[in-house]
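What follows is a group of structures, each given as structure tokens.
Common to both upcoming complexes is subunit A, partnered first by subunit B, then by subunit C.
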Partner chain A sequence: MDLVQYLPQLCQGLLVSLQLTVISVVFGYAVGLLLALGVSSRLSWLKWPALVIVEVGRGIPSLVVLYVVYYGLPSVGLLFDNFAAAAIGLTFTVAAYSSEMLRAGIQSVHRGQKEAAMALGLPQPSTFTRIILPQGLRSSIPALMGLAIQSFQGTSLAYSISVSELMSNAYQSSSITFQYLQIYAITGLVFAVIAVPSTWTSVWVEHRLAKGFA
Partner chain B sequence: MSQQLITESQQVTSAGVTITNLSKSYGDNQVLDNISINVKPGSVTALIGPSGSGKSTLLRCINLLETPDEGTITVGTTTVEAGTRVSDRALLDLRRQVGMVFQSFNLFPHMSVLRNVAFPQEKILGRSREEAEERALTLLDRVGLREKAHQHPDRCSGGQQQRIAIVRALALNPRAMLFDEPTSALDPEVGLEVLAVMRELAAGGMTMIVVTHEMQFARDVSDHLVVMADGHIIEEGRPAEIMANPVQERTRRFLSAVLER
Partner chain C sequence: MTLLVTVSSFGIGAIVGIPLMLGLRSNYPPIRAVFRVIVDLIRGVPTIVWLFLLYFGVTFGHLRLSSLSAAIAGLGIVSSAYLAEIYRGGFATLARGQIEASHALGLGRTTTFIRVLAPQALRTSLPSITTFLLALLKDSSIASTIGVTEMVFSATTFSRQNPGTAGLMPFFIAAGVYVVVSVPLAVVARRLDSRLRRNH
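The block that comes next holds the complex of A and B.
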């Protein structure tokens, strides 16, 4: 029972999972911010499309999104390899969820902040980018860190469109050895080794932020 | 020190503020009914009255944080007419001339005290960072808070925060200052620090409109007292006279309620 020999393969998979996480979080949060601005907009041609994207993204299970991107879109001429499809699908889901977190954060900024900026005569763009947004982002951080951890765990769904990430590599190893329990236990452990300290970090950051912001 | 604070801040002369026939409603609720006030350049007007009388709304109409339904507002040479479309340029022009201090300070919590005072100068007056920060330090020094420059506002007491908020507004060379219950969120003794700075400003010739419950300040410092109730001006005149001999029953009741506290 030499499970150690499968560790390199699991680590390879972990690397792919982490890549997917980083891509979906970085692009997802950026798109999420744009969606949050769209949903908060007074311009209905911006607001409604953004709202539809957010609700669809939050309403449809991530797995279904991956299938639509990977198996569905080629029929309208959009063909992606499996890694790209996974990155796009996960980014979409992350964008939809993060947009609501960012919107909540931006809305939580005290009304007096905007009034003070207006009373000083700051133009609207700098009021938003320099006064409202930094404070809104800051209060979104705990929720966004939680979402990043969930996204990391969510990358295991990419297994279903045969991306060789952690879960997929675990499946391959176990189908050779039939040591399902051991290999999946190790896989779970690998996820936990990343996710649990991340959760601790996010709790710590949350406390720090709460202290620093009266 | 008083002359220093004002000359340090005033490179332009104080402006008069004239409000003519100003009205505002929220739905069916008329909060301001045909208000007219004339504040002379360099004078101090105190607005008093029970809560809900419309005094804060009136103050917030002057720099258009609230949009009046009718009437005109003139600050210096800038006139804004309610009901007409106010261009962004006219709006910023008006707000640049009028500084405002809020009950809840509203300092920017993500910036140091120094940046709170310097950043608006850079954005609004186009000053360089060095110039803006030097000026910020000079003004902070005048109110005794230079040593707080590199701390964040949450490390400052309420009285200190309010003095910083005053300095932040002064740094932009306003031609008039609006104060919306600047000491109401402060302990009485801490409020005195803030009132001291306001006295200096008044002595230095700043045009000031102050919504306040501080009767002693209103009596000692203001040139003109305006008593409001239910969206109307019910009485106005010289502070000492009104306080000694209020004509209106409503004023009498309000004054005795405030003074007995």
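The block that comes next holds the complex of A and C.
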């Protein structure tokens, strides 16, 4: 068995990894935004639960989150197949991390913006959605792009709950062929080929955005 | 075991990160490009792939790395790349005037670097370093996948022996321990940071 034979398998795994990335990033950022709003809320019954979720999500390794969702929750009656479990676990982690980035972005918007909007007589909801939020989101874009790249790499952890993504397909191929070094080196390269150019893109975007602010 | 893996790989990273950082800051573009590729490549590959590569892939004749040493080496490699980048970030924020001022004072290059630049760079990169240390603490859980008997490994073993609701407990305990270790560390880091800022 050589390269030609296990490459298709790796590519199939890569597709699953990319699916997991897209799901966890899209839902994670949406939930993250809600959590960010919750944490910066003035209502304490909203603030504290959100804060606890965020700190717990950031404090626990995502491997443990995956184990809890996949092995743990069935014992309280919630059973997921491994792909769903991975998607839920990764979304939770991404949501917790992104909420802090979004919060930092929203907080970085200058106070004057809010005051100016008030002086113009804009009502509070539209001040937030039309003035504060767009600027806040814009300044958190670089951090969020970095997180997206990290969560792509993080999907490799789904291997441990036997989702057939890139890493576990690599493991299967290598346990058949015993060419561990070769297969893992290629797997690593596949990850790097996607992650490294994405990092460069995010650095480029960061520079562009920084220029826009000046 | 979790702490042993974290501390030793952080130690490796902190030391190996220095030459990598020097390479990234080299005045010769070819050297800089080579180091840039090395660091980006290391950071582009997920930690779990590094561990598998070292544990299953690297053989010396019939010898294989033990799971513990593979874990420490793997996390050490990853940390050195990340820390190199963090160190570089610290140096990048220094004003050029610092170098010029030490030249004007007649300080040598080495003295300038060690006594003038390094302390300031360390100060600015300290928050990132502590954030990284916390991330590493959590990443050490990945070592369980190659059979290092750290916290998550023990939790998995226990829950396999005790199916049912009891099986859920060890994960919550492990999760709790991570939170208990990482939150005070984060608090200390934040306090240290604000103190250094005040002196600035």
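By definition in this document, the second predicted complex is superposed on the first by the 213 of 214 C-alpha atoms of A that agree within 3 Å, B and C clash if a C-alpha of one lies under 4 Å from a C-alpha of the other, contacts with A are read in each partner's own complex, and residues count from 1 in each chain.
The criterion applied here is as follows: a residue touches a chain if its C-beta (ideal position, glycine included) is under 8 Å from a C-beta of that chain, and two chains touch if they have at least 3 such contacts.
Computed from a predicted structure; not experimentally measured.
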- Query: Put the two structures on top of each other at subunit A: do subunit B and subunit C fit, or clash?
  - Reply: fit
- Task: Kindly classify A:Ala84 by the partners it touches after superposition: subunit B alone (first), subunit C alone (second), both, or neither?
- Result: neither
- Item | Residues of subunit A touched, compared between subunit B and subunit C (which is higher) | C
- Query: Which partner does A:Ser126 contact after superposing on A: first (subunit B), second (subunit C), both, neither?
  - Reply: first
- Angle at subunit A between subunit B and subunit C: what is it in degrees to the nearest 10, using CA centres? 100
- Between subunit B (first) and subunit C (second), which does A:Pro134 come into contact with in this model arrangement: first, second, both, or neither? first
- For A:Met118, select first, second, both or neither according to whether it touches subunit B, subunit C, the two together, or no partner. first
- Message: With both complexes overlaid on chain A, does A:Ala195 touch subunit B (first), subunit C (second), both or neither?
- Response: second
- Task: With both complexes overlaid on chain A, what's the closest CA-to-CA approach of subunit B to subunit C, in Å?
- Result: 24
- Task: Over in the complex, which subunit C residues touch subunit A? Could you list them?
- Result: 40-41, 43-50, 52-53, 56-59, 138-139, 141-142, 144-145, 152, 155-156, 159, 163-165, 167-168, 171-172, 174-175, 178-179, 182-183
- subunit C-facing residues of subunit A, complex: 55-56, 59-64, 67-68, 71-73, 75-76, 153-154, 156-157, 159-160, 167, 170-171, 174, 180-182, 184-185, 187-189, 191-196, 199
- Message: Could you list, by residue number, the parts of subunit A that touch subunit B in their complex?
- Response: 110, 112-113, 115-116, 118-123, 126, 130-131, 134-135, 138, 212-214
- Note which residues of subunit B are touching subunit A in the complex, please. 63, 65, 88, 92, 95-96, 98-100, 102, 104, 106-110, 119-120, 123-124, 152, 154, 165, 168-169, 172
